[in-house]
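Below, chain A partners chain B and then partners chain C, in two separate complexes.
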Partner chain A sequence: MIVDAGYVALAIALLTIGYVAVASFVGAWQRIPAMVLSARYGLMTVPVLLLVATIALVYAFVNHDFSVAYVADNSNLAMPASYTWVAFYAGNQGSLLFIALVFSILTVAAVLGMGRKLPYTTPYATSVMAGVLTFFMFVIVFLANPLDRLDSMPFDGQGINPLLIHFGMFIHPPVQMMGLISVAIPFSIAIGALLAGRGGRDEWVDQGRLWGMLSWLLLTIGLLLGSWWAYTILGWGGYWAWDPVENSALMPWLAMTAFVHSIMVQKRRGMFRMWNIVIVAIAFTLAEMGMFINRGGPVPSVHSFAQSTMGWLFLFFMGFTLVASLAAFAWRMNTLRSREKLDSWLSRESAFLAQNVLFLAVAFITLWGTIYPVFSRAAQDVTITVGQPFFDRINGPLLLVIVFLMGVGPLLPWRKASARNVLSVVKVPLIGAAVTADVVAAAGVRQPVAVVAVAVCAIAIIGIVHEWVRGTRSRHSKGESYPVAFGRLLMANRPRYGGYIVHLAITMLAIGAIGSSFYEVQRDFNLKPGETASLADYTLQYTNTTSQRFSDREEVTAHFTVRRGDESLGAMETTRSFYSNFNVSATRAAIRSTLVEDLYIVPSEFGDDGSAVIRVLVSPLVWWMWAAGPLFVFGTLLALSPRRQPAYAAIRVPRGSRPAQA
Partner chain B sequence: MLIVLALILALVPVIAILYPYLRPASAQAPEDESSTFSELDRRWDAAISGLKSAELEYSIGSLPEQDYRALREQYLTEAALVLKAMELEEQQETELLARVEREVRSVRERFHGAPQPRPSEAAGE
Partner chain C sequence: MVNKITTAPQGRYLHAMAIAAMVLVALVFAGCNTGSDVPPQEQRVQDLSKGIMCPVCPGESIDQSQHPLSLQMRDLVREQVGQGRTDSDIKSFFVERYGPSVLLEPPRSGLSLLVWVVPVVAVALAVIIVVIVVRGMTRPKYASATAGPTSQVRLAEDEKERYIRRIEAAIESNEGKK
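Showing the complex of A and B:
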């Protein structure tokens, strides 16, 4: 009965959210406050209804109710209870319900947060968010209901996809899905402001920035965790392969990165008003494209996990939202003129603009490479897949220029910088970069591209550290101790220094990518027990293999003892599991990670005579990529943390105040 | 039992949606977020942020004195203009309210005759 109650709750949620979408718009348009409020109250009930449906599904999983088709497809009696959470979103129907639930909660939070600040914009934004949610609810109720029953109940379920049995799966898919759908919130705020005729004023900017940055953070964490999952479980030794599913998460991230920068220019200078509306619409379109590719789009991918035949419905919805937002933009375009113009091409806002253009260029190149197989099939009847070399060759240099601008841009002042000023702020980072290039070249880095890339990263790092050092010294000279001076410096300008911390994290990512892309070494070995293999400074001795049979899989583990030069590094083991139900093998690599490099061992094949074919990789600097994750979170939260009002504000005359009557 | 449960589930949004229609006093037309004052308020914040940023950059040696002075003058001018505009808006609003009050008083006098002094005024307080 609980499952049936969940079923009913889904239907009621669809009707309610449909009403919210229409009533909020009509109420705002016709200026009927009761209708606007009714829509808002209705919206508040939707997360409750979706929570009832979610509880019903979880209840079915926990009780092994295989009469529910989704439960039978994504779990079995052998599945550990802790994986119920993963099974919930392991398939298409459950992931859609998860997205709807999360989005409804985010929507309520956004509406509550901006209701008083943006009373005119909020009803329109609510209508847009409710419209997006209505689409998802329609798909869930009519095409992908996770609570649909089977005609006859099987004795056991099929089980969860083995590739999802990994710690990272507890966080990566939900965060990734939250990231993609959360782009709808800054998009809705922007379109809401546009529809309300307030797009040309800058009231929506604070809320747009807040939700834009939260969305960006979710996308970032999702991408990082996805890379980590691929690195540790897919067993090919890499973390990024420009696969369509990876690209579908990267593209909205690139557009949102551009947005969170350009929105700052609108906040500070009243500029880029049209650009910001366009860029957030592009970001949402790319997020929808990601969902389309994930759900059975026409592009082949090695690891889309929620395949279905409804991808085209998502494509249609993407087209609809794009056309609707373009129409709203065209309708209100005359209200979107910037308050000011660029004072100079040598300014922080110019650097932001250049960076924006480059981010979009990388996003569109990635899009083109991702959907190229579709065009090649249509034009030549041959599916041509664009591989890693294409993306590396085209996107690599552009990303390097972005890192350069990331290093130099924040050092420039707003409005206008003189040539002398530019020289004075970039002098130290440039000298530092030249020294770094010499050092890495002397250390044996020979590839010119790698040397240039490291030097560009050095500009970004030295620029930030140099400013921190000068700022801390300046405060120290006024009597503060160094730690206090540094802490207060960070706290005094949180958006700026939070952004710097995020930039440091980006540089760490870049350093990891440079090291592992240019200097990774790998070799395959066929070893018998007792034999040794050497790669770089490492020597591995293959000890033996152990096998273990579980109800759902057969697991083979290869054991090694590892030395580096004369130093013993102890034992390492790598596992390969075969899931007969799915006819799928999953590997668990043995990874020894240090600040300098990763030693990575993964099994390819086991022979009957006890021999093992293994792949060994030594990847420099990969650790830095994963270490960047916490910095991303810290920097973003610091940048978003509320600030105290400046002292100057005390002299402002609050609205509504009157001089004292004599 | 399921029907009862379904009715309870349906009642939640129905009550929420109908409440503002049944109690229209709970819904009031919002004040416009795009008032001139709010625009001036944002421009004030932007000018102050710009000034703080320039001061920070100057104090840590990122901005030469000449550039700092030029930027400072721009931001201070903008802040002063915004303050002036705020005062003007406030003054216009006050004058408008005073004018309305005068008009109302004159209309009242036309209907009811000259106003009677209040007891406190009559006592010479």
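Showing the complex of A and C:
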């Protein structure tokens, strides 16, 4: 009964959202306010309808209603009700419903948030968002309905993919999906402004930036959690392998990173108006491609668990988006002339431009490497694999240049700087970087690339810290205590200092990546109980294995006693579970994480005689990558947080202080 | 502010602090330099394994995959390294068995050369295009390098703009950049 209600709700949602897409556009174009308003109200009902369908599906899961095909495919009687959250998006149909629901809520929030600020743009933007949602609803209703019934009800369901039962998987896929679909919102705002002929007035910029950064944050968290999941579950000790699905999530992130920077140039200087619209259209196209590859696209991958043939429909939709955006762009291009001209190559504007070019270059190269196997298969009938070595070699140096730019760019003034200006602002970071390089090299880091990479990270850190220290001291000299001075400094220019915090987080990622990729040591051991193995300073003794049988899996746990030098580190254990229904093994690595390095033990094979083949890794600085996560969140939210008072009210010049010099 | 960044008298302490912070970071790095005690042969096995794809678990190298076939293939690599065969010999051994797609790094010859050439060409092209476009939108020379509060003002609009800029600079320096 409830399932049927959900089924009907989906159909009504499709009709409604289709109407919204058309009516909002026609109403705005022909200036029929009633029509625009009807579309707006129509939009409000869609999340409610989708919520009904969502509740129906959850209800079916909780009650083990295996007459629903999706429930039968993704759960079984043994599955605890708490796993419903994961089972909901474990397959294609459910994940599409999840995307549609989240997107409808985001759309309503966006439309409500900008309605008054952007009266001309909002109806067009609404139409674009509704158009995107119509596509999803069409696919859900006609091709992948999560509430479709089976002809005969099976006794038990298939069960849930065991690789998904992990804390990371409880958050990573939903955040990743939200991140990908949320790119549609800044895209719609930009295209809406363009269609309304208001792209040249920078009024859409604040809303575009707000949603762009939220979307960027979701994509960032999604990527980090995905890497963390790979690190703890996939059992090879790495976190990033340039796999097609990883790439497909990275590419929209790269484009959005470019967007949230270049939008600042439009905000501050009224430049890059055309470019911002192009770049957000690229970002959305790449996000669609991410969903396409994840959904049984053409490239094989470890992550594409929700496979289907509908990928090609996504490809079609992607092409449509691109062509339609280009058409709108060509039509309205005359409205997009810049207010300002570029003054100099040595300016923050051109640093932003260089940043944009670099990020898009990395995105393009990643795209090229990801889809090249498809070309090679079509052209020569030979599949060429483009794997990690390619990406490391080509993207690695570009990413290093990006980190360098991240260190220097924010120090440059807007408009123009003379060579002397530049020298004076980069002096401290450069000296610090040189000192760091020396120290690191003297301390025994021998690989030249690693030394250079560390020095580049040092530039970024010192540039930021130096500015903070100067600002805090200057406030302190006016009578504020250091913590207060620092806090107020951050609050005084939130977009800037929030950005700095995000930059610090990126540097932490870079440091983790440098440490673990240049200085990881790894070794496989075949041990009998009682034997010891040693790697780096660590010595581990293999005690024994214990095994446990559950209804759905068999778990074998290997126990170790670990020492570092003479210091005992206690026991560590690593588990391998075999799920016979799926013929899948999942491992849980034993990880001992410190600020300096991770000790990582993972089982490869267990012999019948109690022996174990294990892999041991010592991976330096990995911890820093995961620790960067909260900083990303904090920095982004700080940069977005609205000011209570207008800028000028925040400046209180104490009595007797000298006036500021221009 | 546009003309000159004033250096605070306490600048030297700040440098010292920044350097001290960096020394800490550097020490952390030094701490990680555990000195590899992986025998060179084993290291070669690992490096080779990282470049060979596991045929049944697409996208994963035999180094990262824990599939039984990967374990076997790793043993094969180890055996051949032990026999003293060269890297390219070992790679072609696997290519013969599993086809060219077994190599994770595309060869730099034939049509696969495209994989390597296109990114380089694309980045070069992008830079050239941006330079051309930006040249078109750059302000004419007279307003650049020498511009400052004292330079000659040609148009009323320029004057206004400069005024705004000074206000902006004042605000910014009050916000903590001073």
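Everything below uses one rule, namely that the second predicted complex is superposed on the first by the 643 of 662 C-alpha atoms of A that agree within 3 Å, B and C clash if a C-alpha of one lies under 4 Å from a C-alpha of the other, contacts with A are read in each partner's own complex, and residues count from 1 in each chain.
Keep in mind that, in the parts below, a residue touches a chain if its C-beta (ideal position, glycine included) is under 8 Å from a C-beta of that chain, and two chains touch if they have at least 3 such contacts.
Here the structure is a predicted model, which means the values were calculated and not measured.
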item: Chain A as common anchor, with chain B and chain C clashing or fitting; value: clash
item: Contacts of A:Ser474 with chain B and chain C, given as first, second, both or neither; value: both
item: Partner with the higher number of touched chain A residues, chain C or chain B; value: C
item: First (chain B), second (chain C), both or neither touched by A:Ile384; value: second
item: Partner chain(s) touched by A:Val613 [first = chain B, second = chain C, both, neither]; value: second
item: Which of chain B and chain C A:Arg415 touches, first, second, both or neither; value: both
item: Chain B versus chain C as contact partner of A:Ser344, first or second or both or neither; value: second
item: Chain B versus chain C as contact partner of A:Ser424, first or second or both or neither; value: both
item: Touched partner set for A:Leu254, first chain B, second chain C, both or neither; value: neither
item: Touching partner for A:Ala5 - first (chain B), second (chain C), both, neither; value: first
item: First (chain B), second (chain C), both or neither touched by A:Ser604; value: second
item: Of the stretches 61-69, 97-105 or 115-123 belonging to chain B, the one that collides with chain C; value: 61-69
item: Common interface positions of chain A, toward chain B and toward chain C; value: 413-416, 418, 421, 424-425, 467, 470-471, 473-474, 492-493, 648, 653
item: Chain A residues within the chain C interface of the complex; value: 234-238, 241, 243-244, 300-302, 338, 341-345, 350, 353, 357, 360-361, 364-365, 368-369, 372-373, 376, 379-380, 382-390, 394, 398, 413-416, 418, 421, 424-425, 428, 431-433, 435-436, 439-440, 443-446, 454, 458, 461-462, 465-467, 469-475, 489, 492-493, 511, 515, 519, 521-524, 534-537, 585, 587, 595-597, 602, 604-605, 613, 618, 620-621, 647-648, 650-651, 653, 660-662
item: Chain A contact footprint on chain C (complex, rising order); value: 1-8, 10, 14-15, 17-19, 21-23, 25-38, 42, 46, 50-51, 53, 57-61, 63-66, 68, 71, 74, 99-106, 111-112, 114-116, 118-119, 122-123, 126-127, 130, 134, 137-139, 143-145, 147, 149, 165-166, 168-178
item: Residues of chain A that touch chain B when the two form their complex; value: 1, 4-5, 8-9, 12, 15-16, 19, 23, 31, 33-39, 41-42, 44-46, 48-49, 52, 117-121, 198, 201-203, 267-270, 411, 413-418, 420-421, 424-425, 467, 470-471, 473-474, 492-493, 496, 646, 648-649, 652-653, 655, 658-659
item: Residues of chain B defined as touching chain A within the complex; value: 1-2, 5-6, 9-10, 12-13, 16-21, 24, 26-35, 37-39, 41-44, 46, 48-50, 52-54, 56-57, 59-64, 66-67, 70-71, 74, 79, 86-87, 90, 94
